[in-house]
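Each structure below appears as structure tokens.
Here come two complexes built around chain A, the first alongside chain B, the second alongside chain C.
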Partner chain A sequence: MADLGVMALLLGMALSAYSVVGSVVGEKIGMAELVVSARRAMYMTLAAATVASAALVNAFVQNDFSIKYVADHSNSLMDRAFVWVAFYSGNEGSLLYILLVLTLISVISIWFAPKRLARSMPWTIAILAAIQLFYFGVLAFVASPFELLDTVPLDGRGINPLLTHPGMFSHPPLLMGGLIAITIPFAFISGALLAGNYGDDWIDVARVLAIIAWGVLGAGMLLGAWWAYTILGWGGYWAWDPIENVALMPWLVLTAFIHSIMVQKRRGLFRMWNVALLNIAFVLAQLGMFINRGGPVVSVHSFAASTLGIIFMIFMLVSLLFAFGLFLWRMPHLKSDRVMESFMSRESAFLVNNFLFLAVMAVTLWGVLFPLFSDLARDVSVSVAAPYFDRANGPVLLGIVVMMGIGPLLPWRKASARSLKQWFIWPTLTGAVTIGTLLALGVDRPIAIFAFGVVAFVAASILEEWWRGTAARHRSGDNWAMSWWRLVNGNRPRHGGYIVHISILMLGLGIIGTNFYQQRTDGALELGQSLVIDNYRIEYVDNGSSNRPDRIAQWAEMSVYRIDEDDYVVEFETARADGATGFTLEDSSMRANDELLGGIEPWHGFYVDFNMASVRSGIRSTIVEDLYVIPRDFLADGRVSLAVSINPLAWWLWASGPFFIIGTMVALWPQAAVERRPTMKKIQASAEGEN
Partner chain B sequence: MPIVIGTLLALAAIAVIAYPFLGRTRYRLVSETFVTREKLRAERLRIYRKISDIEADFTSGDLTEVDYQQQRDLLRISAAEILREEAGSKSSRAERDQELEKEISRLREKTAQSPEGGDTL
Partner chain C sequence: MFRVRHVAALFFIPLYFGVTLHGESKVMASRFPFVLSGSRALPNNSALLVVAALFLIIFVSAIGCIREEDITLEQRAHQLAAQLMCPVCDGQTIDGSSAQISQDMRLKVRELLDEGQTNAEIKDYFVLRYGEDILAAPEGSGFNLLAWVVPVFIVFGGIGIALVAIKNMRKAGIQAKSSPLPAQKNGDLSDFLAQVDRDLSGPPDSLTSDQDPKSPSPANQNEEANF
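Now for the complex of A and B:
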């Protein structure tokens, strides 16, 4: 199978090279057959990438340990379900996966490209084929997943244990797929610019393709956060790690893009700005590939440093020069002939929100690259940690959420004082009442209270929009549900966007809760003892261990009780006097108001082959808070060392995911053919009348 | 077996990319007229979409009646202008298509008479 894989990669390389040359030469000399042939070569690259991928999958299924990649990332005991994960768990396989995705989405987007872009398609195909050529070349000559071993081992090393989690089935493929998918809208816009098509013909295609890349990348990041929360056992979900950041940065820029592209669609403004944004997103995606492939910034996620780092750095620099060289060359043609009429308008709000997104991106980029600069300046690599990102980005992110509420309330072009008063009064009141209520309830942390107020303001602004639109349709005779459905259906990009905004608010609730109100305690328990934190008692009931083929596992069985603080007054006072948030109970006998909530079984595994420990926390999740129990260590004397935290509103982080996906799909769903609308008949009639 | 599959894949790729040169179908680059017509159609649909959006904005109370009517009228005028351009583009396209057909027939006749007998389009 290795031979077949290598043949397919070499063939793909040749086809990509032919597609680049054929498209450009065919277009330049006006040879239609050559252009068509080059396009078909592009289609065949998908076949080549598919065959190469199938060859690797088959090698995993057949346990072909003569292939180094298979021997390094699987063994004969590995569940076949994990072949999918093993496929992309290493550097070479992940590159092949990226190539497969790139060829697939390239072919689909070229196949369905609108006819009005026909003149720019040869250029678009040439750009896509050039990028494919790079990946085929790297896979064929530098990082081949089909490299053979001189001596065939009896068994493979096995799959990385951290990857044997449901989140791994979708998180890495979505992230890698999202990053590479940015190539497609970039190629369409660049193709149009190369062909001298400076109008708005690419708007709809670029918008749809950018939203797909954005949605996939966003879902990938959210799944990654969930995976980190449930499997890494450190109690958090986002660590501002360089690899997390390089996925976040293009996502932020794409978020700015999918807002400002609406301004170009509706008002004909921001054309140049939108091209620049997509260029930035594309280059940042290449930066992500570079850092992930042995780049100079250390990350727990990145693949080992290798010669690939320098190759991807060169490719990133070439991408940068091409994208912005082309932009500067065509810039004079991209200027819009319209102007913004008022600062108090929706387009103006979108521009502010764009600047805020770029500010977060710039702060994050500086944090990612700071070790390089410090290394150059002082010969010491200094990394910046989460507090830098939290302090610098936190207020700007809050500003973005504020703009999320303000933007949709402002009309296009300009707002009148009357409309401002009319539309802002209820959301503002809701925000103010929320803040007042929280203060009255004695909730501490002023910044968090303000943030809750902002979330309430934005939620109220969305509900107000829906209420007004639904009520207007309801007055014309539809029932409430149908009225709301017609409202959403009438402008899917807008209302899909609102659903995504709701998911961001849910995410915001989780971030505020876990960042400002998290409580932590730790302790070592003997069997029968309990750890108490807030209104929970965690009793250590039983333990066990087992030697499995891949790991030595130890587990603890624990009962979780809801307690009444009044039953533990003395213990709480003693703990607080010591500055602790929790305490250990020697005697676990039930007290008057103890209520058994259920059991949890956190476990600890040591994977001998990988010399790696893995922790699965015990999590009891509710809509209000998560009880998060990390088994740090199983001690020789039979005790278990625990780190316990209460993570308020953490449930909302993961509940936001389905809303994010639904909102994205609603925004993407094609609108019905507007030509059939009665209004259009009137227009045509009036036009014919004029003629 | 893998070598056979690989060879078949390579042969299939060669056949697919060679077909435009060897097959009976004749290709020509998309004409400027066709692209212009498609662009005008897309622009017209975008205007219709905008009209639909401002209708929704007006229904929801986001736009005053005066603003709505003003914007709608401007968009209708733009749509009418595009329709007029489209009508003009179609008639000139028909004329050009006719000329092109004549040119193709002339070239075919010429090709049939040439000693190599190859396509020269």
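Now for the complex of A and C:
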């Protein structure tokens, strides 16, 4: 098996090399057959990568512990379902996975590339093949997943326990897939530039490919956040960890790109700018790969430090030089012939929003790199973690949300005062009323209140537009649901975008709630005792444990009650006098208004081989708040020590996921596949209705 | 006492009104004075400044409402713990980590808080013993000030570049076109306001945007057809 894998990798390497040389030489000397054969060689790399991957999967399935990677990342006890996870759980396997994704999407996108890009395809193929060549080479010679062990162990080491969670089936593959997928739109644009194809032919392809990469990456990050929240017991979902940041940065730039590409599509502006954005996104993705592979920054995520770091750093620098060298070389040809007409136009709003996205990206990059500068400049190490990013990026992110409300309400070219007035009055009022209401109710945290106001403003702007568009169609005879559906279908990129905006607002609610209003308390409970926080009582009812060869697991069964604070006035006052948020009750007799809400089962496992603990939080989630219980430890004296928090609005974080995905799909759905072009009569009818 | 979750439900009420009132009171609505006017509104429009000032006032006055006494010592302990790194873990704060040293440090934080020390004093305590990298965010002084100043330059520099770029692109546009709109020529709003007054005195029907054939909308429909 190992031999087959190595052979496939070497073959893939040869095919990729041939594809690069064949494309370039064939194009230069005008030999069409050579170009075609280079393209076919490109298709064959997919077969090579597939065979190599299949060989590795087969080795896992057969428990072939003579292969070092298999012995290190699985054992005979492992649930077979986790073979898929084990496949990419280590350095070498994840590289193979990335290569598989890269070859797959390369082949698909080349196969389906539109005819009008034919002139630039050889160059696109050459770029993609060159990147594949790099990965094949690394896998064959530096980080081979098929390395054999001299002595075959009886059993493998097992899979990393943190990875045995359903989230792991999708989070890492989506994240890695999204990062590598940025390569494809980059290759298409760079190919066009190399071929001297300076028109706007590549807009649609680049837009679709970029949205795919962006959607996959975004979904991957969201799943990662969910995973951290439910399983890692960090008590949080986003830690601004370097590895999270390097995934976020290209995503931000792609977000800017998929907005500004619309400006190019509609108005012919920003051509040069769009090329630059995609170049930045691509280079940042390479930075992500580099930091992921033993880069210089400390992270909970990174693979063990390895010599791969230097190789990926070189590859990143080469990418940087290539992307921007090409850009500068072709820049004179990229100038737009169109002009901006007004500050008050959607295109200018998009430009401002682009710069805000880039600003968040740059600030994040600065935060990631600052410890290195500090080390170099004065030999003092500093940490840059969540508190820094919250403060440095928070205001700009809020600004982006504000622009999310303003931009779509502005028309292209130029807004008349009339339309500004018409369209902004309700969103502005809604935002102001929200702020006023919250203030009147005596809610504290002014920044959060302002942020709520902004969210309301944007939500109102989206609803307003949907309302008007739907009402117009409704008047022409459709029912409400149908009218809305027609509205969305009439312009999918736009309304898909709105659906994504709604998901971002939901995310925003969750972020505001959990960051500004979280309540925390710690406590250790004996069986039968209760912990009270706010209006929850958590009673430790029972516990259980299981010893398995790989882990010692313990869990607590707890009942959650809603209480009336008036029943506990004395205890609350004592606790507050002690400076405590919650308190422990010795006896668990029910008081008058206690109401059983349900049970939770926080779980704590210790993995002997890995000397690693893994916890599953007990979460009771509602639309307004989560009761979140992390079992920190099961103590020797029989108590369980808990970190308990109330995370307001956390539910919205995860509810945003489906909206994000649906919105992305709507935006991507090919417009040509929509119903037939409406007849002239219908156009007139709707024109009357709408205007 | 109100808490945010009580308010979360109320949060949607304004939205509801925003939608339902919408059809009826458009005439009223369009009289609100704080809406921007004119296509060159951004650089020299006093209405915008008023809006900005209003928001600023609400914002600043509300900041005074925060009182440290409202926060229990335990809440403060958690906030502090989230600002201190765990010395033996990779990139985790002591608030999130279950390592023994993190537990000890959390207890120490609580102890110092009970002694009545301020947040700054407690941070200093740990910096003295563990070094600067115990802080999850660098302090804003000395060399570390750079960490905080650079983002400000990035953000304002970025917005500045964007605005200058738009301005330049516009200038080219104005030169290319011979007849800019009146409102653009002199930045004077009187013509426009007169027009608004005329419009307002007209029959209400013509003001409902959905039926007014002249009113431009963001979803300008001929553009919408093939986005």
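Basically, the second predicted complex is superposed on the first by the 670 of 691 C-alpha atoms of A that agree within 3 Å, B and C clash if a C-alpha of one lies under 4 Å from a C-alpha of the other, contacts with A are read in each partner's own complex, and residues count from 1 in each chain.
What we mean here is this: a residue touches a chain if its C-beta (ideal position, glycine included) is under 8 Å from a C-beta of that chain, and two chains touch if they have at least 3 such contacts.
Here the structure is a predicted model, which means the values were calculated and not measured.
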For A:Pro648, select first, second, both or neither according to whether it touches chain B, chain C, the two together, or no partner. second
Which of chain B and chain C A:Ala48 touches, first, second, both or neither: first
Report for A:Ala472: first if it touches chain B alone, second if chain C alone, otherwise both or neither. both
Contact-wise, after the overlay, does A:Val570 reach chain B, chain C, both or neither (first, second, both, neither)? neither
Touch check for A:Val363: first (chain B), second (chain C), both, or neither? second
Name the contact category of A:Leu376: first (chain B only), second (chain C only), both, or neither. neither
Give one of first, second, both or neither to describe whether A:Lys115 is in contact with chain B, with chain C, with both, or with none. first
More chain A residues in contact [chain B versus chain C]: C
By the touch definition at the top of the document, which applies to A:Ala580: first (chain B), second (chain C), both, or neither? second
Looking at A:Ile29 after the superposition, I want to know if it touches chain B, chain C, both of them or none. Which is it: first, second, both, neither? neither
Where on chain A do the contacts with chain B and the contacts with chain C coincide? 266, 411-412, 419, 465, 468-469, 472, 490-491, 494, 671, 683, 686-688, 690-691
Going by the contact rule set out above, which residues of chain A touch chain B in the complex? 1-4, 7-8, 11, 15, 18, 27, 30, 32-38, 40-41, 43-44, 47-48, 51, 55, 114-116, 118-119, 199-201, 203-204, 265-266, 411-413, 419, 465, 468-469, 472-473, 487, 490-491, 494, 671, 674-675, 677, 679-680, 683-684, 686-688, 690-691
Listed in rising order, chain B residues that touch chain A in their complex are 2-3, 5-7, 9-10, 12-13, 16-21, 27-30, 32, 34-35, 38-39, 41-43, 45-46, 48-53, 55-57, 59-64, 67, 76, 79-80, 83-84, 87
Chain C residues touching chain A in their complex are 1-11, 13-15, 17-19, 22-23, 29-30, 32, 34-43, 51, 55, 58-59, 62-63, 65-66, 70, 72-75, 78, 82-83, 85, 89-93, 95-96, 98, 103, 106, 113-114, 131-138, 143-144, 146-148, 150-151, 154-155, 158-159, 161-163, 165-167, 169-170, 172-173, 176, 183, 192, 196, 199, 209-227
